[in-house]
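In structure tokens below, several structures.
You will see subunit A twice below: alongside subunit B first, and alongside subunit C after that.
== the complex of A and B ==
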């Protein structure tokens, strides 16, 4: 073998090694994130660092069951994390801050505890982007500015004899000066029962007033909102609160049992009831709650009960969609 | 003569329609091809109920309710499957047109014992069980009634040569 040929062969071998090895080396440098059920450790690692504008590559695998990956308050498709497979995800952040990533496929009673954070450093690349996506710093949620106590009982003193109908309610709206009730500020800060009492100056009967309330609640939402709320509810709430809102989801019994053992020594039997998921079909509870109160409960979570804190995951718009959907368990809306 | 009788009985056992299937045609069409609905509760690592019985031609609807993690249900032989998250129960509908016994299994990895999460779907009645019981009874009767007719001749050891 003469020298040039040997050189050529060596060159080709080196080229092949580089072509195969370089991507492999880069790929192996991205650390593998393991997803496990919350009881077994959740995400490892659960704190990630990123920089504004620089793509963040993630490789995630599951060690036990099907999990999912999504970043809260970010417009992204959730990615399924299957055991024995590695999911490649690339994220780009255009705003600094702390983001929450979370599991999107139910993986047990403590599914919602499977969360981690991404710390994004750097300066704002373009201030005009993502406006409205996250609440501005300093902006407080409505329940705070209204000074609502999220844990106070809020049962409606009286309830309608049957499900109020928005179709019936619409008939009475022509003759009533109710346009001021239709502003979203009024709707968000008043419970259905408060509106029902506000309407007592009108000549309507009680059940007619409830029908008007149903109409007002529907006119403050859109069919798209309700569809979106229904989807979010099915994915995130139904496992405990039940697919039909009855507080009878597949985890309801487990939650009550878990509540009994954890609360027993602390405050006695009365507090145990807190652990049972709320029944959204109960008119006493729902008609006494204003949208702002429900928004607060979803934002903040249950504090010690099984109810997670959703404030770092849902956008404000998503929470309002959910709230609108929750009222649909109480009111008969237009088809 | 007795042999012929036994042979006839065997033929009856093998080919006679079973009482369950010999009901009048009207009742049969009503019974067969009807809708069968099941709600299966899936949790690590079992289905409940884990045995389903349907008639051939039934439209089977299975509502799968997961109670802990994401589970699936795949019916062998029919090649249909469904996947359910807790809180999002899912429905699977298919026509059970193939008789026999089929395994159904979880097809979403759901933990360490996932391969053992199985159940059984039986389509149609289990003819062969009853027919083989019939054959066994006939065989016992045959053994008892017809002792060997040819005498056993005295058997002698072949002479050994030392």
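== the complex of A and C ==
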């Protein structure tokens, strides 16, 4: 074999090895977390490991549409994960435990299924840095201690003719013994309808009693809570329940259709209406529900209805903010 | 004008080294594109395989290479190279006398471009998926490479390029319009030449890989511009010429495989414009959801438009009366078929300009993806050249509609002129062909604008 031929062969072999070897090597050295719509697999991998106090560097890319990344019960801004782009995220955990990471963009009908876990090992690095991170396990939610049956019907037997007004209700409160109703424990464990009933001993008309209930509900929250609840609702709930709470979010029709098709295989075992997102503007439903009941539904989820469980995502404070905001679909609060 | 009179150019073309350097770059790029398709991000707009093949390469091919250099791409295409090198047992050295592999002749029934028509249509039917899905692109690129290798082991010369390559078929068709040609200087020299080394090879090079005897070349369609004949010709009788555009169409071909290629390309450009650029979501869904009922309807419609509607209408227009159609079939059936095939050559310039107009649209829209894919070809978060974060932005959008209009109207005028000449040769009127071209151009204008 002459020299030019030998050189040509060597060059070609080197070129092929370079074309194959270099990208394969670099590819194998760049582990990525892939985000795909839940129907296509969700997060891959969906279980991550970390150690307390050691930064966890993540490179995340989307293989299809825009997703978002956030870790539940952690004080962090969600990060957009763009198709074909790589987002670099660094997390540091100061407490051991199992954390849930989830998609924060409405990526598809099963968006809420896009969840994974981060298993953080080690011991508590600094006991004083608990704020903003998940609470100690073992704290019993209010709906559990009250033994509420989350799936039992809870419709209010009667509803107000108009949206009750907190402004109107406030003017009656000076003359009424309502101090007990203003305690947080009372508010959280009673539905508006129960308070409306308790107020039946007063000389107020039904309409006035509903206005007082509206005032009590507003006095148990703050403008900051409502703003935070509204933000959480817009980010996480409106896709199904609708921007205005009417159960008519962008995925509502698809959820209903999915519910109908699932009925065909489940031989009527599940109430078809359960698949449709709850209408928070329905007074019969909302005025019969206590804050604790709503907390339970958010924490636990809808158990097969399409409503995800948020217990691993939201902090307790965030859930109460959200609950407070949900009642704003029923009551006219003063600014 | 004979370009090979320029000493520098001639020696560059005769030498194997410049070509080899280009070959190596192309082959490395091609293999990298396969790999990027298979292991890179599945997001097409950020994957090297999609961006560089279907945006970068396609733009160069259809907007520059084919219109100005004909089969210029085939001269540097990496797909046949590994097979050809294995077939020869060498890269630069002269071939052995004894073939290393089966070295069979391609059966006569396949020595046409029907297989290329079919392979193009197969890809065209899946194009919505192919053009957007990196791993499918990677698989197809790899399949073409290995098919070319396999065919080189079985058949002589470049059987894949000549008879099967889905791209080579239309490049050959449209290369007739290019202002460049490889021809002989003196027929008598070729007639007297012993051994015909340009076809059979000698110690200076290989016999024509494209199975063409340069002495008989009258059109560009099957000459791959590989320059082997320039190296092997002992009489310095091979020339690379500059010429007027579309010179080959002055003497139109009467082959039905080439005639149908013209309809396939014309129809595909229109269908692509409708599917990929049009506002019809249902049509896009049907084209994308391969295997669904809607896709089968789409595929059937695609084939019907290309094989029935377009050629059928053309035939009815050029032979409008039953007597005329009868004459086309019998007793002078051959003459009628030849006239049909010859007149369909008039559609070649129009088809090319359809593709130019269509390609301008998506190339200008998507060209900015090239910068990001250059720096991060696999979508792994790299930024090799600092361009990874350049955002997508359509470019030169203000000139798009005028450029497309100019292309289509220019193509119409070009085809009309070609039709006049073809009709004269076929002894029929050119008016129906011009009207046909006008109708399809108006339709394409509506689709694009």
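The definition used in the following text is that the second predicted complex is superposed on the first by the 297 of 335 C-alpha atoms of A that agree within 3 Å, B and C clash if a C-alpha of one lies under 4 Å from a C-alpha of the other, contacts with A are read in each partner's own complex, and residues count from 1 in each chain.
Keep in mind that, in the parts below, a contact is a pair of C-beta atoms (placed from the backbone, for glycine too) under 8 Å apart; a residue touches a chain by one contact, two chains touch by 3 or more.
Here the structure is a predicted model, which means the values were calculated and not measured.
Asker: Figure out whether A:208 sits in contact with subunit B (first) or subunit C (second), or with both, or with neither.
Answerer: In the superposition, A:208 touches no partner, neither subunit B nor subunit C.
Asker: Quick check on the superposed pair: does A:19 touch subunit B, subunit C, both, or neither? Answer first, second, both or neither.
Answerer: After superposition on chain A, A:19 lies in contact with subunit C alone.
Asker: On the A-aligned overlay, A:106 touches which partner chain: subunit B = first, subunit C = second, or both, or neither?
Answerer: Once the two structures are laid over each other on A, A:106 reaches subunit B alone.
Asker: If we overlay the two complexes on their shared chain A, which of subunit B and subunit C does A:2 touch? Say first, second, both or neither.
Answerer: In the superposition, A:2 touches subunit C alone.
Asker: On the A-aligned overlay, A:235 touches which partner chain: subunit B = first, subunit C = second, or both, or neither?
Answerer: The answer is first: A:235 touches subunit B but not subunit C.
Asker: Touching A:66, do we find subunit B (first), subunit C (second), both, or neither?
Answerer: A:66 contacts subunit B only, not subunit C.
Asker: Applying the touch criterion given at the start, work out whether A:170 contacts subunit B, subunit C, both or neither, answering first, second, both or neither.
Answerer: neither
Asker: On the A-aligned overlay, A:256 touches which partner chain: subunit B = first, subunit C = second, or both, or neither?
Answerer: Neither partner.
Asker: According to the stated criteria, A:197 is in contact with first (subunit B), second (subunit C), both, or neither; which is it?
Answerer: Neither partner.
Asker: Find the residues of subunit A that appear in the contact set with subunit B and again in the contact set with subunit C.
Answerer: On subunit A, the overlap between the subunit B and subunit C contacts is residues 64, 83-84.
Asker: Within their complex, state which residues of subunit A touch subunit C.
Answerer: 1-2, 4-5, 8-9, 11-12, 15-16, 18-20, 23-24, 26-27, 30, 32, 59, 61-64, 83-86, 88
Asker: For the complex, which residues does subunit C have touching subunit A?
Answerer: 20, 24, 27-29, 31-32, 35-36, 39-43, 45-47, 85, 90-93, 376-382
Asker: Touching residues of subunit B toward subunit A in the complex: what are they?
Answerer: Per the touch definition, subunit B meets subunit A at residues 65-70, 85-89, 108-112.
Asker: Going by the contact rule set out above, which residues of subunit A touch subunit B in the complex?
Answerer: Per the stated touch rule, the residues are 37, 64-66, 82-84, 105-109, 111, 234-235, 237-240, 242-243, 249-251.
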